[in-house]
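Below you'll find the structure, written out as structure tokens, and then a few comments.
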Amino acid sequence: MQAAIVVLVVEDDQLIQSLVEEALADGGFEVAIACTGEEAAELPNATSPKYRALVTDIDLGRGKMNGWALARHAREDTPDLPVVYMSGDSAEDWTSQGVPNSVMLAKPFAPAQLVTAVSQLLNSVTPPQS
Amino acid sequence: MQAAIVVLVVEDDQLIQSLVEEALADGGFEVAIACTGEEAAELPNATSPKYRALVTDIDLGRGKMNGWALARHAREDTPDLPVVYMSGDSAEDWTSQGVPNSVMLAKPFAPAQLVTAVSQLLNSVTPPQS
Amino acid sequence: MQAAIVVLVVEDDQLIQSLVEEALADGGFEVAIACTGEEAAELPNATSPKYRALVTDIDLGRGKMNGWALARHAREDTPDLPVVYMSGDSAEDWTSQGVPNSVMLAKPFAPAQLVTAVSQLLNSVTPPQS
Amino acid sequence: MQAAIVVLVVEDDQLIQSLVEEALADGGFEVAIACTGEEAAELPNATSPKYRALVTDIDLGRGKMNGWALARHAREDTPDLPVVYMSGDSAEDWTSQGVPNSVMLAKPFAPAQLVTAVSQLLNSVTPPQS
Amino acid sequence: MQAAIVVLVVEDDQLIQSLVEEALADGGFEVAIACTGEEAAELPNATSPKYRALVTDIDLGRGKMNGWALARHAREDTPDLPVVYMSGDSAEDWTSQGVPNSVMLAKPFAPAQLVTAVSQLLNSVTPPQS
Amino acid sequence: MQAAIVVLVVEDDQLIQSLVEEALADGGFEVAIACTGEEAAELPNATSPKYRALVTDIDLGRGKMNGWALARHAREDTPDLPVVYMSGDSAEDWTSQGVPNSVMLAKPFAPAQLVTAVSQLLNSVTPPQS
């Protein structure tokens, strides 16, 4: 089990970035950080190993790709990718803008909620067929 | 129980339209039909009583609003609206384009699958608070 | 398979009683009717075969046992009994007054919703151990 | 939607065979019948179109392949195949002998339970990726 | 994310109180303690910020409000409040006395079970609409 | 709450054994270790208190009982026993070889995934009736 489970975290607020990173690291996940949706959207092809779950803020900067668009983009690449959204203002838009089988964490949330959400989504992905 | 449960069906293929209408009527639902997403998008404000669930095809005509966009639009209006998509070619896009807590019926499907999907989604909506 | 699956329906409104009875009979269930909670509360011991699911109205008459109390009583007897509530006014009280793993059907509802609710609850009961 | 959804029913009791066939046909499914597990185990490769769900009795004759073994065999071929077991005596063995995401219907059951079980399992299969 | 997620814990046994408090604090939750149901029942209106989940023992003292009654009371105030019950003797009464969408932890339980239960229930609450 | 929740871990790789043990201990579980399926299969009768959940590797040595067979054996003894499988190569066989209501963790996985899986399965077991 030397390989790690990489979770891609997309968040531009430094403080939340570190809280999220610490929570996931405590749960035994390896964290990759991106600050913008554009940066994140490039990652699947560039990184090795690929990330196994996406945790994204919704508002990623004015005029920039937001979390809703990023998740759709990532799911086009990996149809069963676990997706967790984090947001304060936009949580109420989840039922219209989110993807199926995702979790919306309304800020503020406790670190355990994030770890549980990521774990549960990963555990429910049917194992890949060779 | 004189009031009916109206299901809005958005489908431009006449044959499927009648199959769907018959299946839902057999289940005791009242059916409202729209042939385009644009027409459907106008309905919530115009009809009385409002529709309680949306069943929509994905491809609703070239250059027209498709089922993905229509469902997002309808959920903005009614955040917990039950949504069932029907499609042949586009079923694989559901995980990236669908809304949370929706059902994708890949064509062909049996009438009972549609009735079960609509019933299950309606039954899981938490009763409204007065 | 000569034995029938008996569903106990507790409802004092004649019209709804027959709609519910017809829907369940169409689904292949056998229906036993009680008009009051008190009458229903006596049934488990008296009937043979015992009923396998309970479908109950909430308001069962002034000063009478209501559907919330009846369901709790029935679950004391049969801890995994499928329970479906039907109500207009009281649907919003389900989250505080209902029992776990039950379904609330807000009136009006389509017959298929009732049949799906009863079937789903029955199918999720773990088979009994001999 | 001219293509049908074929459900393979494996049952050696003539009476139950016809009850099950009628229930599924009423739900709009097309039914293929096999009387033994061995016969059923040959079918996926021989039929066109392939069956989309398996409904099987457990006891399929002394010294013959039983329903538990048949379902495992069929899932090796089609990992996400919907599976519904029907049994009187063996229902209690489901938690140790059944496959994940299957439904156990203890006999007797109402036709609506079968149709709901098959529909629900089919509706929860993630649409295939091209 | 400076605001905390407050979990109200109602438990009169000092030892369990501290175990529960420690487990929740480790998960990043803030804990408010009440020793009786009566005390807890007053809290929603008095505290700021309001608690977001309720974790309650069942037996809260002879002649006192028990955990079943407290949870119903709290759900009347907040219909989608996450509720976790803890009990040794009374766990078997959960199916008749508990509220829908709650979790029963039979004592003894591991701290991780409590944190997972609270997190899962919080994560499944649909984000509030503004 | 002096009694502990014992989780039986069956794994012959020393490294994974200790990772799993540490993760579960951090979650507050007590861990019992067995290196072979045969050894594990003897445990339920020998240990006191009995284990409450089973976490097992699939490949437990050539010519030895594997994890699939062990889980079936354990479920015959305890029909609602929580089961978590861990595997690299065999994860894809879960849908045909696993038991109902189990979780498959494809290696590698993060410790939090294991703790969440065990907790979730334990929390969903209906409390026993006295």
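For this structure, a couple of remarks:
A, B, C, D, E and F are the chain letters, set down in written order, and residue numbers restart from 1 in every chain.
The rule we apply is simple: a contact is a pair of C-beta atoms (placed from the backbone, for glycine too) under 8 Å apart; a residue touches a chain by one contact, two chains touch by 3 or more.
Owing to the predicted nature of the structure, the values given are computational and were not obtained by experimental measurement.
Considering every other chain in turn, the ones in contact with both chain B and chain C prove to be D, E.
Steps from chain B to chain F, minimised over paths through touching chains, total 2.
The set of chains touching chain B and also touching chain E is given as A, C. Rotation angle, chain A onto chain E, C-alpha superposition: 120 degrees, expressed as a multiple of 5. Of all residue numbers used where chain C meets chain E, over half belong to both copies. The two sides are thus made of the same residues. Centre-to-centre separation between chain E and chain F, using Cα means, comes to 29 Å.
As a whole-number value, the distance joining the C-alpha centres of chain A and chain D reads 38 Å.
Residue positions of chain B with contacts to 2 or more other chains are 79-80, 92, 94-95, 115-116, 120, 126, 129. An unclassified topology is adopted by the chain contact network, corresponding to no line, ring, star or complete arrangement. Of all possible chain pairs, the ones that touch are A-B, A-D, A-E, A-F, B-C, B-D, B-E, C-D, C-E, C-F, D-F, E-F.
Taken together, the chain E residues at the contact with chain F in this complex read 15-16, 19, 23, 91-92, 94-95, 103-113, 115-117, 120.
Remark: chain F residues 72-73, 75-76, 79-80, 92-102 touch chain D in the complex. The touching residues of chain F, when paired with chain E in their complex, are 1-5, 26-29, 115-116, 118-120, 122-123, 126-130. Note for the complex: chain B touches chain E at residues 79-80, 126, 129.
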